[in-house]
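Per-chain residue numbering starts at 1, and chain names A, B and C are given in the order in which the chains are listed.
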Amino acid sequence: MPDDGTVLTTTGSLAGAEVLPVCGRDLVVARDGRRLVDSANLALDQPGVTALMGPNGAGKSLLLRLLAGLIAPDQGAVTWAGTVPDRMRASRVGLVFHRPVMLRRTGLANVAFALKVAGIPRAQRHDRALEALASGGLEHLAASPARVLSGGEQQRLALVRALAPEPQALLLDEPTANLDPVSTLAIEELIVRSAKTGMRILLVTHDPAQAQRLADRIAFMHAGQVEAPVSADTFFNDPASARARAFIAGRLVL
Amino acid sequence: MTKRFLSTVLAGLILSIILLMAPARADETFIIVQSTTSTQNSGLFDHILPVFTETSGIEVRVVAVGTGQAIKNAANGDGDVLLVHAQSAEEAFVEEGLGVERFDLMYNDFVIVGPSGDPAGIAGMTDASDALAMIAESGSTFASRGDDSGTHKKEQALWQEAGIDPAGSSGDWYLETGSGMGATLNTASAMGAYALTDRATWLAFANKGDLVIAVEGDARLFNQYGVILVNPERFAHVKAEEGQAFIDWLRSDEGQDAIGSYQLDGQQLFFPNAK
Amino acid sequence: MDDLSGAFAQAFRLIVGFDPDLLEIVVLSLQVSLSAVILAGLIGLPAGAAVSVTRFPGRAVVIAVMNAMMGLPPVVAGLAVYLMLSRAGPLGDWGLLYTPSAMVIAQTVLVAPIIAALTRQAIEDLHGDYDEQLRAFGIGRSGMIATLLWEARVGLFTVLLAGFGRAVSEVGAVIMVGGNIDHVTRVMTTAIALETSKGALDLALGLGIVLLVIVLGVNALAGLLRMGVAGRAHA
């Protein structure tokens, strides 16, 4: 059964739904006269994992939402493959929040829902959702109601759900905060595996060790401004700015 | 499975709506009669309508409200026949071209009922206006319809003849219920108040409590019912033929006999007097 | 009290005796009120959800009106529908006055605002939690509304039940547009009103008890249905 008139390739992906590079230029978001995001520039133009680090309140989550097209900037522009974000391509940019939002249905149905919105034909959804669960090692949760799973299981399911429509870019907002080491490891494995397929990943994290484990590049954000991404080695051993140095040393206060 | 169960239930419900909406008795002809609670509550219609329906094949649907409301509804065209008891209002209805012609149909009478203790001392009187004057004088509680019905109009005329304007004492000893005869009698029964009621409703009324008939037999308590066909020239949808058939039958010997033969507790309630 | 025990005796006799007239009245009551709730749900659920997920000028006024309409007196709803359906009214040509359809319309008018207002409240809370995630999936406005309605289904079931309770128990609207015509538009509440006006208080109260039992039965059935739904959702 064709779903909503979208053009589909044989694999069920959206044909011509190109979103790369995901790019934010001169972004400004102001609330009550304060610039929460201040002339920020960030582009996902290379494969691999880009970590976005910075103290609380730096504007990291806000920047992530801007890039995801959930919020419109007051100034500047976000572009996906050169054009303004639109709903039809949203499933090509995966998003996982700090706190997972599960629908009141089974694990399998949660994944199938994301596939349905992405325009995958009904006939393929069940098998593809099962595949996605299996790839994350979550087959055993297929029939479980998602809302009663543990925090770690929910977050893994959220990641699997975001990956199921095969996005070109993946935006992760502190996905392992508050998770135990086992769940954290499972999620990091999935991130590494996805990055190897060429997916562009932006990872907001507070954890320097995690950034060191996963990131190819690190961008430092402070008071709404983003410094140009540098390699993880450079970031930790020879930070570009005094503020970044202070942050790594654990001395930076807002 | 739950989803399937829910949709089954929903489908069943929607089906029942469709069945409900479908004109289940499309082939049956019916007329709507705007009438009063006295004819309905007394059981008269239950007695005579089956006889008419059997001979004519016409179903009669009765909307029973106060005379004032019935006339208003008929004036909106919401009925084929008007059967009420307020002669001057009925004549005005015809004069305005809303009705075709008014016919006398039958009569019964009004009675004044009150608590058996009779605080106003009117029991056995035969002059209704004098009795009302004594109720006012003694300040005994009186429950009025206050709803512009035929009974209410009759009551107002009697007060006028007694030279009393009870509206000034409204809320004091004079209580305007603003509702039907039954509700007003319920009030009177609960409060030990006097009330004017048609005899038919009174006899059929089951919650009399301490109330008894105090005054009856005054010629002015005569209660004439009339019947009018709503004017089809004014309202094209009026079922003139069927409505006229009903009126003709009511006025025929057969209809008049049916009315006269209705008894409740061995008493005749309505007296046919069609000419 | 004599009246009260008489009423229970009457109710018992009515239920056990399975009087065909009573059955007809009960069936019509359920048909009319369930139809009205379904129609009001088809209107009120999406309308309430739409208001909760949309921002537009005058939204606060719309919400205030919706909340105020919850207290709409049945007689006023009945009068409004009467004026529309009366032969002298704009829809008089449809000839619906004094039919069950007119009663369904009047109860729908009465119940739809209640369902819309309660739905808006239920969906608004949910919307705060789900909005970004659903938009991240790439869902549109209508998909958002449909998804939120389905996510809120357990609570909305109670909303529909509240609507049914309101519909089946009101008398002012149905007596005005239905006319309480025997075998045509007589329902539980108008029958109770009629028996009260005849002074047959124990019969009226007996009918009231029957009405209560039926409403209880519908609620119990709905409770079972809801437990099935909630059991599947586990949340």
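Quick note on the criterion: a contact is a pair of C-beta atoms (placed from the backbone, for glycine too) under 8 Å apart; a residue touches a chain by one contact, two chains touch by 3 or more.
Every value quoted in this text rests on a predicted model; they were computed, and no experiment measured them.
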item	value
Distance-maximising chain from subunit A - centres being C-alpha averages	B
Higher-contact pair (C-beta pairs counted), A-C versus B-C	B-C
Central chain of the complex, centres being mean CA coordinates	C
Euclidean distance of C-alpha centroids - subunit A vs subunit B, Å	76
Computed distance of Cα centres, subunit C from subunit A, in Å	45
Where subunit B and subunit C are represented by their mean Cα positions, the distance between them in whole Å	31
For subunit C, residues contacting two or more additional chains	232
Contact footprint of subunit A on subunit C as seen in their complex	129-130, 132-133, 135-140, 143, 147, 150-151, 153, 232-235
Complex contacts: residues of subunit C adjacent to subunit B	31-32, 34-35, 38, 86-89, 92-93, 95, 97-98, 100-101, 104, 179-182, 184, 194, 196-201, 225, 228-229, 231-232
Residue ranges of subunit A touching subunit C (in the complex, touch as defined)	65, 68, 70, 87-91, 93-95, 97, 101, 103-105, 113-114, 117-118, 145, 147-148
Of subunit B, residues touching subunit C in the complex	2, 5-6, 9-10, 13-14, 16-17, 20-21, 32, 37, 41, 46, 61-64, 73, 75-78, 180-183, 185-186, 189, 204-208, 235, 237
